[in-house]
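In order of appearance the chains are A, B, C and D, and numbering begins at 1 in each one.
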């Protein structure tokens, strides 16, 4: 049973990782948001399964919270935002896709190697997931680096948060409740502030290309 | 217990109140009032801790020991003086039309919220909450930095947000790993993230996980500390925000981040009995000192320059804690104190100076001493103090750090010598003409609040010549707790 | 311990502290009366002078008493300020007290018109400066030493930029404080080595440590760097001729006459007192640096056209001589030749004392001239002996002493120094024996050159015809100024005439440092100065002076008795060219020309020679210092270069910043996962 | 000090005072003969001094007391110098007061004062002369010091009497260092006494004169004193050279007979020296002022080499 569950969790983990890759390669903001939503969904599912296996009710709560936040609220906000700012098309990335993919693969291997010693002695049902979570974090990081517009950067930031959540749930059956709440609050506030910012940036520079934000420098 | 509630409650309440009344004329005074109340509460808390020893409260969610109680007191104090300083400053900004009522509301309310988050971060016993508070502090300061809504301030705030957000996220990963390591021993109940519990079992934590987790925590909180090369947000954020914010950023937030780092270092040292944490701190500290010194030598904007000086000093502090040993730890704590006092004092004078001159470009600020001698003397003395001139306190800690390093890590001293020399040359060559010589600046309608400046400098001077015994007690206990 | 119970039980140290406290109080009073010039100059400065005299007396008493210690409740936790008054300290206290007494008296008359900074503030800085110098000498732990050392630098810096409206003065002050600070860091690291990781910074503990030769040498080199930077040793001297002239004259006097000596003190303290043993190559290094400084100093002094700069360079020269003496002492001490070491050390200390007097005297003299005429450039002075005779004659005393002429103070130290050189053959290393005579020759050359310089200095300022019309209005120096100068001049004369007595004063110091002294030998032969033995060398300044006076009188008698005293005043002979005017006298440049020619390689000259055809020909020569171009500018350029490179790290792109974080993360992960 | 010492001291002073002008006269006579001119009388210098003393002295209006005092100071310096140089006896009460270094200092003192006096009136020539005098001085002084050093290294003493005693009364030893020192000393004393090839004592051609330019403003008794001082200086230098390099016949302490003998010996040696000086002056031509540094630098180097040689051979 738990064996099956473990496989299930590993499956979700794989899905999340795959979505992260998809995000890197994806160019259209709209579909980026969709991918992000899916990732959130997968995360929710994973959390729920873990909760079911380990009989930990507070994981259900956390799953619900995540659902609200990452599957409903944030995607909604993002959709609103891009409609208001009408930035649907985002073609330019700083590095072309294949290269990015290669780097991504290297990162995944690196992450797995890092997590290996830990996974080996991790008592939790799906030890391998930590490596995947780490890989997600690194991939989202990469995405933030290579995207030259504000919105994708933010999405990268959020998916990084997803990776973290996944690590928290899969590796440790979730953080203590109070922490979870705090984190969720922070994320929410953060995304709100980011939204406000993007409007302001937009009205200042009438573009969301963060290459406008390169005035402050040493030279 | 009760004072603790006040320490945390007063600023929270203040932020609520000011969120509505922050634009009124009396808001400035309310701001000061709340800060004063916080400071008094902090003093009470300090007294309690000194008399009764470390304090656990609210089913162990909060923990006050010598290490953080003096930071709490310091934070409350600088918060108070900064609020005093910001009264005339904000009035002038209003006159110049840079602050609309809405922004004033935001500013005042966020100012209180910011001090709340810092105090929470300092007093909490829960590594998770510590992370939450740090993130919250980031968010509030992002709003404070961007309060002018100018292009530059937006850019600065954006960079600040993204870089620190990412950094903090990594710190969260580290925290998760820490929890993962802890729950094997402490069980999945809430206790597993409480620092006191962790510290009690730190030797049994799994080294592999802790190593990985410290790496992430180091990068995460190190970003907030402003260690090179994670520092890039810092000069922008300092230079573009309102000066009171620069003062608290340099004087307090960096300290809090360093505090978080120290808490993690203690656990890590306990878990893996090797010098990993120390080496990381020492290496990054040294790099920060040197690089920041060279950055200093090419600054044109006064606030930016002193921001880099903050990076340099944070590097020095990190180096000191990396050195370890009772003397170096003591020196590091002392340096945290005097740096935040002196640096905030400098920012006060800089704030007045820039308002007088109407620019932050140093080459256009001349002969302050002629227009208002007090500001001029404040700036020159402050700069000399921050550059490590006795008898100011910064020198005391630098003395201890350098002399210890000379025998512990001789290889590092040439770099320190070089860096300190370059820093002195750069900063002093710019401050001197700003203060002396023929003047270009005009007096202001509102008298500047220079009491904070000279109180801070006076305290810095005192710490250079005479450290009160109870303070010494704190420092020594704290140093011991850091595993001296 | 200093018992503060009943004046009877007060020891010398307590009185010294009283002096310090007094000075600080005076400074405070000055701040209270910020702009009341009369009160500050006519009451506070004389009071400071009185305290200086008190200090002089106390230190004199302390020379022969056992070391006294005290602990002030200041400083770091576990490290209060330790103070110690031993012969070495007492000697330098004497110098400080004596010199500053004269300077303070002069200053009372000097600050008549405000010099940018309000007089009250000047008074504060001035007296803090004095107090910090005293404490430097007293300090007995590293922290106290560093604090007062830097306070000294800081207060003198503010004094230097007293007239901060002038950009050059600000620049000079900046350079000064920069070099001082970097040097201070060097000293700090030296203490870091000396405390040998015990965490105990008292000098007592440092004395107890036994350092390995390597660490001892490191400590010595760091100390040499730090104190050399303060003393203005080549190549760290460039700040000195900028900063000393920039200050108000009494301050220049203190800086050149007294503050430089604190650097000497520090070097002696570290080399002989704190370090267990000396190595011979330290001595060679000191000798080489000392001679280089002496030569560079005097050669540059000879070509200066600004009277205060001239004196500043001559300070470099004198400090160089002192260093040479110390180097010789180290050499002897390293080879265990105690008595010779004592001789060399005595010479050095004697020169310290006499330089303190004559250099302060000369500087305040230039101060009086500056006030009377408003001119600093030698090219615009001349003939002042007729308008300000007091200043002229007193300055002459200083000039002769500085030129190292018998029977004045400068000569005695030079004499002792040469004596100690003469006795060197007998060192175990033949290479050193070959080195010594060359060194002696150089020292002789330097002293002769200083004679040249002083003739130029005095002659161009005070003799000849006034080179400007307004000089005729030059007013005489006031009573305070005269009093100060008289005191200092008396010092020069006394040092010249009573070497035996003064060497007996120095004796305890040398006994403390090299465990040998000349006191007994010298005392044995009465008024005659006999360092070793009568048949080896002897010098009797008093007899010398009497001989001169006698033959003077004799000549006078002969002339007046056998002949007459008729005298007729007439116009000077114009060599048949009746249109001679003041401009035809030798200018300062002209007087320096031979030196410029002979020592050409020392200078970096840019000439502007007029072509024979242009109608208003003008000649210009700018003389620069090689060290500036070879050492300082390259360093500055290197820093500039590096910072430009580092600046490229941060060119504003958030993606790049994120990349930094990312790479750092990956790097650290790889690092920790090894 | 013995009574004999006092006597010999006084004797020395008297002899110096009285014979110095004679030496000048002697040298001038020989120069004249060598340049086959008809020579002035041997006593000519005395007549000149007498005449000058009788004249009233004319002083520039601007002149300060320094100007009038300088001749006396210079004169007394030279007198003291010739008093402490052991020519007749090595038992001189005054000589402990000033050793070799002090002797150099004494000459320097005189030089400084005469130069200052020359600058006092403020004529173009006065200051020019002062500069040139000091130029020669700062090169000659260390050289002379080195010469004395190489001599004083032999007995390890700077006291002139000890040196002379050792040189005179130790069984004859050859000191190669003294050879160098001797040459250097000759060159120096030519320069110091304003002799050809450095300076021409008889010239008044403005651009070439050095010593004459210094005393251009002096007249009457002041000039007389200066001339007398100059002759004393020459006398002192000659005596110094003699007692360093040909010291034989100088009386030791408590040897009245030797003292009796010492005087004729000295006179004989002085006579020879004078002739040699005249010869040198006739044989050589005056050099340009700008070549003086090279000349004196050579002397300086020779003297230093002398010292080095002494240490090298370790004699």
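Following the convention adopted for this analysis, a contact is a pair of C-beta atoms (placed from the backbone, for glycine too) under 8 Å apart; a residue touches a chain by one contact, two chains touch by 3 or more.
This is a predicted model, so every value here is computed, not measured.
Here B-C and A-C are compared, and the pair linked by more C-beta contacts is B-C. Among the other chains, the CA centroid farthest from that of subunit B is the one of D.
Inter-chain spacing, taken between the CA centroids of subunit A and subunit D, is 101 Å. Chain geometry summary: the mean Cα position of subunit B and that of subunit C are 44 Å apart. Averaged C-alpha coordinates give centres for subunit B and subunit D that are 79 Å from one another. If you average the CA atoms of subunit A and of subunit C, the two centres end up 70 Å from each other. Residue positions of subunit C touching 2 or more other chains, listed in rising order: 647, 649-650, 654, 658, 665, 669, 673.
For subunit B, residues that reach two or more other chains under the stated contact definition are 158-159, 162, 166, 170, 212, 235, 295, 298.
Shared contact sites, meaning residues of subunit A that touch two or more other chains, fall at 114, 141, 144, 153, 210, 213-216, 218.
Note for the complex: subunit C touches subunit A at residues 647-655, 658-659, 662, 665-666, 669, 673. Per the touch definition, subunit B reaches subunit C in the complex via residues 158-159, 162-163, 166-167, 170, 211-212, 214-216, 218-219, 223, 229-230, 232-233, 235, 276, 280, 291, 294-295, 297-298, 326-327, 369, 384, 387-391, 395-396, 399-400, 402-408, 413, 417, 420-422, 424-425, 428-429, 432-433, 436-438, 464-467, 469, 472, 475-476.
Interface residues of subunit C, counted against subunit B in their complex, comprise 73-77, 142-143, 146-151, 154, 161, 164-165, 167, 170, 173-174, 177-178, 181-182, 185-186, 188-189, 191-193, 195-197, 199, 201, 639-640, 642-644, 646-647, 649-650, 654, 657-658, 660-661, 664-665, 668-669, 671-673.
Of all the residues in subunit B, the ones that touch subunit A in their complex are 61, 126, 128-129, 131-132, 135-136, 139, 142-143, 146, 149, 151-152, 154-159, 161-162, 165-166, 169-170, 172-173, 175-177, 179-180, 183-184, 188, 190, 192-193, 206, 208-209, 212, 235-236, 239-240, 295, 298.
The touching residues of subunit A, when paired with subunit B in their complex, are 56, 114, 117-118, 121-123, 130, 134, 137, 141, 144, 150, 153, 157, 160-161, 164, 167-168, 171-173, 175-179, 182-183, 185-186, 189-190, 193-194, 197, 200-201, 204-205, 210, 213-216, 218.
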